[in-house]
Amino acid sequence: MDFDIKRLGFTLLGLLIVLNWGLLMNAFMRKIGARVARRIGIPWHQPWIDLFKNYSIRSQITHGLMFYLGPIFRLSGGVGIFLFMPMIITGDHWLNYSFQGDLVLIMYFQFFGMLGMALGAGEGGHPYSAIGISRGLSQFTTIEVPLTLAIISLAIQYDTLSLADIVRAQQGGFMHWSMWTNPFATAAGMLAALGTLGHSPFNLVMAPNEIPIGPPTEYHSTFLGVLQSNGAILHVVEAALFMNLFFGGATNWIEFIVKTFLIYFWSVFVGMVFPRFRIEQSVTWFLKVPLVLGVIAVVMFM
Amino acid sequence: MVNPIHIVSIALGVAFALGFLGKRDKLSLGLVLSTLAGMVAISAGWFIHFLNSSVEPLQIFTGGFKPPFAINLQMGLAEATFTLLINVAGFLGAIYLTKELLKTGKNMMLIFLVFILGLNVMVMTRDLFNLFVFSEIQSIALAGLIILDPNRKSIPSGFKYVIATGLISSFLLLGTVFAYYFSGTLNIDFISQASLQYVKGGAVAVFMVILAVILELKPFPANGWALDVYESAHPGIGALVSGIAGTTSLFVLYKLIPVAPFISDILITLGLVSFVASNLLGLSQTNPNRLLGYSSIGQLGLLSATIGMQQLLGDKFIFIALTILISHFFAKAGLFWLSGIINRDDIKDWAMLRKKPILLVLFGVFIFSLIGFPPLPSFFGKWSLIMELSAGNQYMLVTSILIGSFIEGIYLFRWLGYAIKLDFSDLPEFKLNISKFLPTLTWGILLIATGVVASAEMEGLSGLSYWPLIFIAFIYLIDELPIYIKNTLSIAGLAFYSWLTLPELYYTDMLRFIFMGIFLIGGILTLIAGYAYKGKRRGFYPVALIMYAGLAYIIQASTTLEFFFGWELMTAGSYFLIIRGKKSINHALSYMLFSIGGAYAILAGFGITFAETQSMLIASLSQLSNMVPLVFILLAIGFMTKTASLGLHIWLPGAHAEAESDVSPMVSAILLKAGVFGLLLLMIAMGNNPQIATIAYYLGWLGALTALVGNMAAAFQEDAKRLLAYSSIAQLGYILFALAMMSHLGWLTAMYYSINHFLYKAILFLTIGAVVLKVGTHSMYKMGGLIKNMPLAFIAVLIGIIALSGVPPLSGFGGKWLFYNAVIDKHWYFQGIIVFFSGIVAFLYLYKLIYSIFLGQLKDNLRHVTDISLWFAIPIYILIIGIMIISAKPEWLLQPLGKMISQWYPNGALAWNGGLATSTYGYWNGNGVMITIGIMFTTILIWLIVLSRKAQKVKQFNIVYAAEAPQRPETTHQSYNMYAGYNKALGWIVAPKITEFWNMMSDWILSLAHFTRLIYNGNGQRYLIYILGYFVIIYFLVF
Amino acid sequence: MMVDDKNKKKFDNPHYAKREVIGPDGKSFIVDPMNDYFCDARPKVHEPNIIPAVEKFLNWARSKSLWVLGFGTGCGSIEIPPLITPRFDVFRFGIQMRPTPRQSNVFIISGYLSVKTLKRVIRSYEQMQNPKYVLALGSCTVNGGMYYDSYNTINRLDYYLPVDVYIAGCMPRPEAIIAGFNKLKELIREGKGEGANLYAKNFDWYKANQKKIIKDWNMPDYNW
Amino acid sequence: MKSLIDKLGKTFDIKDIVYQRPNLAFVTVSKEHVLNLITNLLDYEGFSHFVLLSCVDWIEDNAFQLTYFLNNPTLKIDIAVRCFIDRNNPTMTSAHHLWKQIATYQRELKEMYGIDFPGSPGVDENFVLEGWDNIPPMRREFDTKKYAEETFFPRPRNKTNDPKEYMKSKMYPND
Amino acid sequence: MTQYLSVEFIAMLTGFLLMVIGVWGIISQKNLLKIVIGFSLFDTGLNIVIVSLSYVKNSTAPILDKAVEVSDAASKIADPVPQALVLTSIVIGLGVTALMLAYVMRMFREKKSLEINSYNELKW
């Protein structure tokens, strides 16, 4: 692998943009939530302040090595997905390191962070962490079913598993997007997105009221800061994944921001309306309508 | 050469002389023994004589006339063989009965001598009436011998015996007389020349004769009298009845077949009915002698059926009949003798054998001989039998023989399991009498020796070297030495064999190289862990090496016989490995039953192949044109019993979970690959056939469902090893799925998975096994928080689960990537979805595994546990290095694999550009991903260390616990029933329907057995009615 | 009536008593939960950042991001939920509720504290990370309020925990609480919100006061 | 109600009958007969619901008064059985075999008044107080103010005002 | 018709009749001794059948002396072989019967019962 300083520079810049956009997007979403509840809500810069605050906490405790490594795995997972995902399709600058692996790599790299985080939280020894993780893993198994169906449908449609190629195939106008050319896959994928982005009704993992915020119960200060940074990046990157798959990707940062915002807003919007599912409800939910949509999507292109 | 008539004369002379000896019992016994020895010598002399030269049989004319005017005896190779068998058995039987004979005095010795004499004459005579006379003499003598051990039971059973045989011989006499009436002669040869079956009335006469002989063979259901004798008589007598009297009757039957050739067809039916039904009845027996009686009757049924098949089997008839007969002869007598040594009324008490381990070994040899495992003679006999029958398209016969053998396997292995596993501390000590032990031992040795001789007779077995088996025998002989010597020798043996075979295979056959590598290198690595054990570990190394030898034979086999030989050897070895586990008696039994069933399916498949191609080469599978789907299904089922595909998987979890710590990886990571190898061979050979595509399609579905159910079930386990066992089932489901795709990428995936599964499952099983050794429990919820005590084990498990789950950057991801590409390439989307879904379900159990054991709360009693043994850590870390290499440089593995698979599937290969693999759909750079992730991970790690380097290290109860503190680690560790919600949602998928199905099957069979055996109500009269009824029914069936 | 020995209650938690257990290798050993299961290190004083400008910036961030531990200790906790309703909406000021003390900075002692609750309060306070602030609500925390003569309710909170802001009233209305938060923010920005360091500095004094009334002290001296 | 009391009066020595409401009566029996009476009420009169067990400290009479409050859910009537026990030797027979939940009341009384109920499950365990090592706090000889002043670091008061005087001076300074 | 009235036919018929009676006795009688008697009858019947087979009308005993010349022996004498056989058969039948009676004796000594139904402990 040739070392390419220019690519590294652009990638880091992209990471910075994504991080800040993620924080801002989080603020927007919470603001929207507040407005729905007829509150004013947080100031738009609150996420940055929280991040600074958390990094500025003076004391930390650690439960052991894996506890320490957990957030690192988590952030590596988030950043890794970013690295292997093309952000802006035009030109070569914002494709990051997507030439090293395709869609399958991204799909499975999601687990890197989850697994590391689960291990770290597990070493914390808190029963709530384990409960949260068991719920998260349970839910994730079925979320992946419609998502995989949608992806396979796209792979058949575009005859490739390369994300960049999928995006390129959608260029050339609004009507070329998978959303129009493959509406069932889009529907299945976007329903799966509800689960992936982890808002209500699929937020049983964190469930602040019954198992105080689930896996990260024991995480605080800098560890929490790392997790927050990851959350910001991951939300954008996952929205970008759906954008690339179904909504024609992005040709510039403005388009990127608008599209990721709307995709993320979709999950927030649903979350505002629906209460939280119980675990067996959320597990089986993905095996109902989204599964059928995914099957139709695959059958259409078989 | 001594005239064979002197066998009769000296026996008679001594018998009369005994009367003059008065009370001198010891002298009498000496005389009897030397007489028997003399008889042995005479028959042995003739045996050697006939063996060396193809001379005409000797005819002896008593009274100087030729037949039909006088009785004539014949001494040919067959007669010499049988008299030799009879006399040797008689001699050893007398030695065995020394004590009893001395106690009862010289009258009994006289009777014993007369009994042997009668049998000898029955073999030699060519005169029908003479046959009747000596069979009566023999029965009367036997009736006397039955009360050698006079107890309340033996007397009534003797009475039943006398009236039943009396009735039967009356038929014989009647038939004889009428045969004489119609043919004017009593000589068998003349009668057969007279073709009485075409004479009205003559047919009835010979029918009566032949049926009387058949009835002497105790066919089901007219055999209640014989069973009682088996049960009640002294086992030494039982051995004679079952071993030599039965053998003699068989020979007589063989001799008389020309007289009534029309009986052959019905004889096959009668024999097989007897075979299947007796074995079925054996299922519900607990008395060892009666059980052996049922088994005897079954074997006699099989043998008489074989005699009936004389025409079908052609040249092979003698070989087949003789090998099966000899197996029966030695094994049954040996088992009866063992029963006499133990002298217990319940087969569960046979655990007593373990007090004298050599007896257990003999027991095992006898049992394996009855079932037909290599290298014992009946293996070759059954193989040839099936081959020849298939060649004659006698599939019904093949099926019923296999079913009967399978049922026989059920109770024999149940019995063996009892002997090996049940607690024997309550059972009394017993003294091993040399006079009882010597005959048994001789029989065991002779059995193995005849097996070796038989193997030399087989065609298609030339490729196998016996050196590994000799090496194993040597390891067995030094079983008393400490463990490190045996372990080192075993490793050296495997290493030597690897050195011998692997380099050569690398250049000639990549496929075999890879599997040989998995088997042998894997064997070496798992054996290294054996150094961690203390003491002698008796019996472990021979059986482990037998398994490895079997695996190596499978790889090296070029003919189906060699393959099957290796397959059965491996099954036997792994059975003993599995049964060594603590609670594995039932699991080992179910493993064995599935294995036997699978092996018989394979046997049938090979048989059909042989029938068409007349070739034993494995390659001949590809030349098959008829019945391809049937052969494919049979063989696939056989192999899938080893890969534990859904439906055939129920033996696996228990067997793997209860096995010893270093045995689990052997049977999971290594043994299961034998099934994969078999499937690969099968598909390579038959894959081109268009009829296979449909079957492969269903196999694909089966693989996908296996993966789903296996993973789902693993998520709900509380036992760490059981969890891994279910995981193995699922992983083998992936492999089956990938194989069934029958495309380049599919097979690449399968091969990649096979190697990877070997690596990580060996790591996981070894590590968990080592942890289990340290913490003393399998239950995960009883562990927890061990990361601080066992960092080495934790890292190993971490690497193992990352590799298994398919998370980049470790090697498992390669498998997933290949899978996606293969599935899309093959258009198997929905099966693919199930496989991916199950792949994600795998996260559930993987997390549960690592969390419940290493994370969470450390328990009180495990606070001072230390890290896993170094001897386990060494192979584990070698395997980890392997995983790391494959992860960083996947092209080193995938490129040669791709090249190999291109032989069969040239289309759809991956394109390589350095480390970047490109398929039709996607691309993947394992090397680059590894570096990228490594750099990123390190950067973030450094950043966090800079930020929180001063973090306070706290202990396990320093957690936020709703303003309280935890009270006990046990109540704080969230592990038991971890996925309760998931179970509620999707647990129905893993409801144990399949286990229920098999349980229902076994219940049915057992109740059928119980129901059928009610016909033996103990009333002697009823048994006579059965005899008459049998006679009448067969009469109407024949005429 | 004096308490005789027979009636004297055992204060030790039986789960934390030393016990003999048998390991898997058959050797028995003693487990002392208080030492083996809990970290007993003393709290450290964490000095502010040596660069004043940085510390000023960080204090500003801290004051703008006050995460409140959701732990209602007394009747005053009923006044806290209104804070997050549309009417008062403290999110505007960077104040939000956190369910775990690990991630919280502000501990609102909402009203009277029984001795029994005080023990839990101390544990939760010590599990919070430095810097941390205490907001004492209602007259009960000032001088015991209407429970000044109760045998089971403390009078002054500042003997047990370093209090940053007292908010008087029985109970104070949400507006008063917001005012208290504003005061707290001022203090933090001025660099005076060093309660955690104060607690670490005067650890022995606080501990002595706490132990004086908590008779069954069955936890380590500092709950990490 | 009255008929019931009369009926009971034939068997038990009932004193001080108070008809509080049409469906509530207080009766007093001697310490020894309490258990017999409430067993009778439970077994024959249908008072299946145990409501509460409370105690009053009559320090002047040197006695504790225990009240067993029972309810008959079918007739919807209540009866409260009282008894006096010696304050110097406060021991009472446990009734946990009749209703399990009585054990909890008895534990409370043990903690708050020091009344012992031998054999009652968990009677010696903490009920509300943790680590209380003084005399039981609900006994009237326990001076709670003194205890609080000694224990809880009372904040020194700057100035005390009598509310009546203070308000008067504030609102009607001229009077 | 005449053939059915011949001696050998009547002998054979008698023999078979005795055999049938014997078998009936063996399978229907519950008394051990009666079973043995049944067997004995069966045996006797069998022997009569054998003898009847060798009967040749108007022939002499198979003894080669002055009365029968060697040359026409085949046509003059009865078949000697079944006679030899029947002797052996009788001896053997006697032996078997004796053995049975010995067994019956021991069984009776054991249980004081001659009922065959009381000797069915061994079953299944």
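By written order: A, B, C, D and E. Residues from 1 in each chain.
To be clear about the criterion, a contact is a pair of C-beta atoms (placed from the backbone, for glycine too) under 8 Å apart; a residue touches a chain by one contact, two chains touch by 3 or more.
Quick caveat, the model's predicted, so the values are computed rather than measured.
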item	value
Labels of chains that are neighbours to chain B and to chain D	C
Fewest touching-chain hops separating chain B from chain C	1
Chain pair that, of all pairs, has the most C-beta pairs in contact	A-B
Centre-of-Cα separation between chain D and chain C, whole angstrom	35
Chain centre separation in whole Å, for chain E relative to chain B (CA means)	51
Chain A and chain E: spacing of chain centres that average the CA atoms, whole Å	100
Multi-partner residues of chain A (each touching 2 or more other chains)	59-61, 212, 217-218, 221
Per-residue multi-chain contacts in chain D, two or more chains	none
Residues of chain C whose C-beta touches two or more other chains	44, 100, 102, 224
Every chain pair meeting the contact rule	A-B, A-C, B-C, B-E, C-D
List of chain B residues in touch with chain A within their complex	785, 787-788, 794, 798, 801-802, 805-808, 813, 816-817, 820-821, 823-824, 827, 829-830, 832-833, 836-837, 840-841, 843-844, 847-848, 850-851, 855-857, 915-916, 920-925, 927-929, 931-933, 936-937, 940-941, 944, 947-948, 950-954, 956-961, 972-975, 978-979, 981-982, 984-986
Chain C-touching residues of chain B, taken from the complex the two chains share	774-777, 860-865, 952-958, 960, 963-969
Complex contacts: residues of chain C adjacent to chain D	1-3, 7-9, 11, 115-116, 119, 142-144, 148-156, 159, 209, 212-217
List of chain E residues in touch with chain B within their complex	23, 26-27, 30, 32, 35, 39, 42-43, 46, 49-50, 53, 81-82, 85, 88-89, 92, 95-96, 99-100, 103-104, 106-107, 110, 116-117, 119-124
Chain D residues touching chain C - in the complex, by the definition given at the top	114, 116, 124-126, 128-137, 139, 141-142, 144-145, 147-149, 151-155, 157
